[in-house]
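Next come two complexes, and both contain subunit A; in the first it sits with subunit B, in the second with subunit C.
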Partner chain A sequence: MNKIREILNTVLENRGKPQINSISDSSDLRNDFGLDSLDLAELTVRIEAEYDVDIFQDGIVTTVGEILEKINNKK
Partner chain B sequence: MMKNILVTGVSRGLGLEIVKAILADDENFVYGISRLKTKELDELLINNANRFKWLSYDLSNVNDVRNKIFKEFIGVTTPLHGFVNNAAIAYDDIVTNLKYEPLLNMYNVNVFTPMIISKYVIRQFLLHNTKGSIVHISSISVHTGYKGLAMYASSKGALEAFSKNTAREWGEKTIRSNVVVAGFMETEMSAMLSADQKDRIYKRTSLKTPTVTKSVAETITFLLSQKAESITGQNIHVDSGTI
Partner chain C sequence: MNKLFYKDTIAGLEVSYEQLLTDVTNETTYSLFCKSDSYYTVFKQIILSILIGQEIILLDADFSNDEIGKLLGEDFLKAEVTRTIEPLGKIKFSDIHERIQANKDSWRITLFTSGTTGLPKKISHTIDSISRFVKREDNRKDNIWGFAYNPTHMAGLQVFFQAFINQNAIIRLFGVDRTTIFDLINKYRITNLSATPTFYRFLLPADHVCDSVLNLTSGGERFDENTLHLMQQIFVNSKIRNVYASTEAGTLFASKGDVFTLKPEMFGVVKIIDNELYLHRSLMGESESLNLIDDWYATGDLIAVQTEVPLTFTFISRKTGMINTGGYKVNPTEVEDVIRTCNGVKDVYVYGKKNSLIGNIVCCEIVRSDDCLTEKKVREFLQFKLQEYKIPRMVTFVESLATTRTGKILRSQ
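Then we have the complex of A and B:
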């Protein structure tokens, strides 16, 4: 969870968007953090580099919980 | 810092010239792809052993791009700065003889695999926050018709559209995409043309001469560099002034 927050903050920082302090399973990537499609692409790439999982490979993810689920399924 | 550039079709013709032009700047490193290792390519590899790596990959294979090219050959941890989509084949025939299999194969090599490579190239740019530059090689046949080139020209037209839209989509991330539209060059690709056909082609140019591969390669190198930082979404014609 902390690692995901770190990655999210890197993406936000790269677009000059405000940092986030806390995240939960139900946090919505677009609505709560203001990520757009380009940010989501960068998020995908950074998560893939860390966990070797392409979170958008099959279907859309909208929440932090869904990202964690994809990462855990891989393990 | 070293700039890493991926170039396809490096075994002969324009591709060899592109690699030479890029390596002329000793801050550049080339990851080159083709099926065969020709004598000229081998020499270039030996003379630039610490700045030029090569992979044999058949671009008709659309499926192994991520594993073979990005994970094993370049490596995800390597920052990438540029991609030159140069490899191509020409399916040369009149439209009434068109067959699906060779058409599909040409599209795999000229369009589909390069599009998939572009996907991973952009991902690599994003991961490393590089101001990446993509250059596709198109042909003057897209803009001036030639008998027998309808299928080939259509594949290059697809790349021009893909490039323009890539530029628009990724400009915000300082990623650029441009096309160099080459005129007829004296390479293996145009070797099947008769002297008479070539003559007629050259007569349609302002300079009345074949397009020089070195001039095309230098333009590509310029577009890859920061000197071209405000140029994106463009088609740059290097075609002896075809009219």
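Then we have the complex of A and C:
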């Protein structure tokens, strides 16, 4: 979870958006963190570089919990 | 006549056609160049330029001074490009079509597109070439348009003209968050939506229904079957079509699903050589930097012919090294040239990495000459030098760049 927060903060920092201190399974990537298409795409690339999983391969991912599920399924 | 012209929740703006005409006809300055964050200002300046029959040059609001300097020469930044004009006085909307026709020989609209080598190209269009697909018909007068493009790009202009000429309302959806997009579509009962596949994918998952949309158009990149299928679940009453448009030629073809059919009026002005689409110069905007071979322009778009008579085809890919990211074309050479000017960069390679959300994402590899150089520093350096969509979203530091046997940087990833 901390690693995901770190990656999210890198994406947010790159776009000059405010950093986040805490995330939970139900945190919504678009509504809670304000990520747009480009940010989501960047998030995919960074998560893929770290975990070798394309989180959007089978459709859009909405929450942090769904990202963790994709990563855990891969393991 | 108090029909809504434009609604913009980001700018907090709602303008009727009556207000629009008042604003335009009271205007006392004309500017050759149009560069504004305000979509409404861009629309007003375009309409004014048509009414007075003068050229307008559209610049993206986020062009940096460095980019403009390169495009137009340093002189532009100092040049006198606005002048005082007499207010036009009262004009009725019904007079506008006549004005357009009267000024069609003197009016030009100029925009920029990423060139395949070096600098972006400057392309000028007449009213005929920019509005080739624009239709003015009685049964279109109640259409309401979702505006999901940048207004200074070809696709945005197409939507603007189509809506304006039929006196339709335009509701801004570009840059608006997902929940608000659905709220706006349903609240204003938007009937027509034109956007990139990236925009449509951003609306997923298909957990909303928008039954007011009757025509959904996609352009700028390939629309995959899966997204297409899911869009039908959201836009339950909508016909879905693809368009092929380019900054150089405007809108040219439309298709149902993936397959484009050549209309009879396009016979003789479109040809295919080695699977590449060629357009005759009569279809093109005016530009000094278009490379024409015997009056034919090579689009760089590779297609697969489905049937010879009538000619039907699908688009396969781009021949050139341009990166299509969310419908924007990025020239890697242009980005590399700017990154090379950053302190601590020895060499750089910019490429598109395939991405399921936006088609391709711009990434780069950098060979450092200074180990203190970080991704953050590169980004800060580029922030005011390049438009946001051109800035690599992921930087990797490497010992050396992958090159082909001829010494060229390997473009495909």
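The rule is simple: the second predicted complex is superposed on the first by the 75 of 75 C-alpha atoms of A that agree within 3 Å, B and C clash if a C-alpha of one lies under 4 Å from a C-alpha of the other, contacts with A are read in each partner's own complex, and residues count from 1 in each chain.
Note that a residue touches a chain if its C-beta (ideal position, glycine included) is under 8 Å from a C-beta of that chain, and two chains touch if they have at least 3 such contacts.
This one's a predicted model, so the numbers in the text were calculated from it and none came from an experiment.
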### Query
Should the pairing of subunit B and subunit C on subunit A count as a clash or a fit in the superposition?
clash
### Query
Quick one: subunit B or subunit C, who's touching more of subunit A?
C
### Query
Is A:Q57 in contact with subunit B, with subunit C, with both, or with neither (first, second, both, neither)?
second
### Task
Go through the superposed model and pick first if A:N14 touches only subunit B, second if only subunit C, both, or neither.
both
### Message
Per the contact definition in the header, classify A:A41: touching subunit B only (first), subunit C only (second), both, or neither.
### Response
both
### Query
After lining up the shared chain so the two structures overlap, which partner does A:A49 touch, if you call subunit B first and subunit C second: first, second, both or neither?
both
### Task
Please work out whether A:M1 is in contact with subunit B alone, subunit C alone, both, or neither, and reply first, second, both or neither.
neither
#### Entry: When the two complexes are fitted on chain A, the stretch of subunit C hitting subunit B, from 112-120, 130-138, 184-192 or 202-210
112-120
### subunit A positions touched by subunit B in one structure and by subunit C in the second
14, 38, 41-42, 44-46, 49
### Summary
subunit C partner, complex, touching residues on subunit A are 13-14, 30-31, 34, 36-38, 40-42, 44-46, 49, 54, 56-57, 59-60, 62
### Message
Looking at the complex, which residues from subunit B come into contact with subunit A?
### Response
76, 122-124, 126-127, 129, 169-170, 172-173
### Query
Within the complex, which stretch of subunit A touches subunit B?
14, 38, 41-42, 44-46, 48-49
### Summary
Note: in the complex, subunit C contacts subunit A through residues 175, 177-179, 198-199, 201-202, 204-205, 226, 230, 325-326, 353, 355-358, 361, 363, 376, 379, 388-389, 393-394
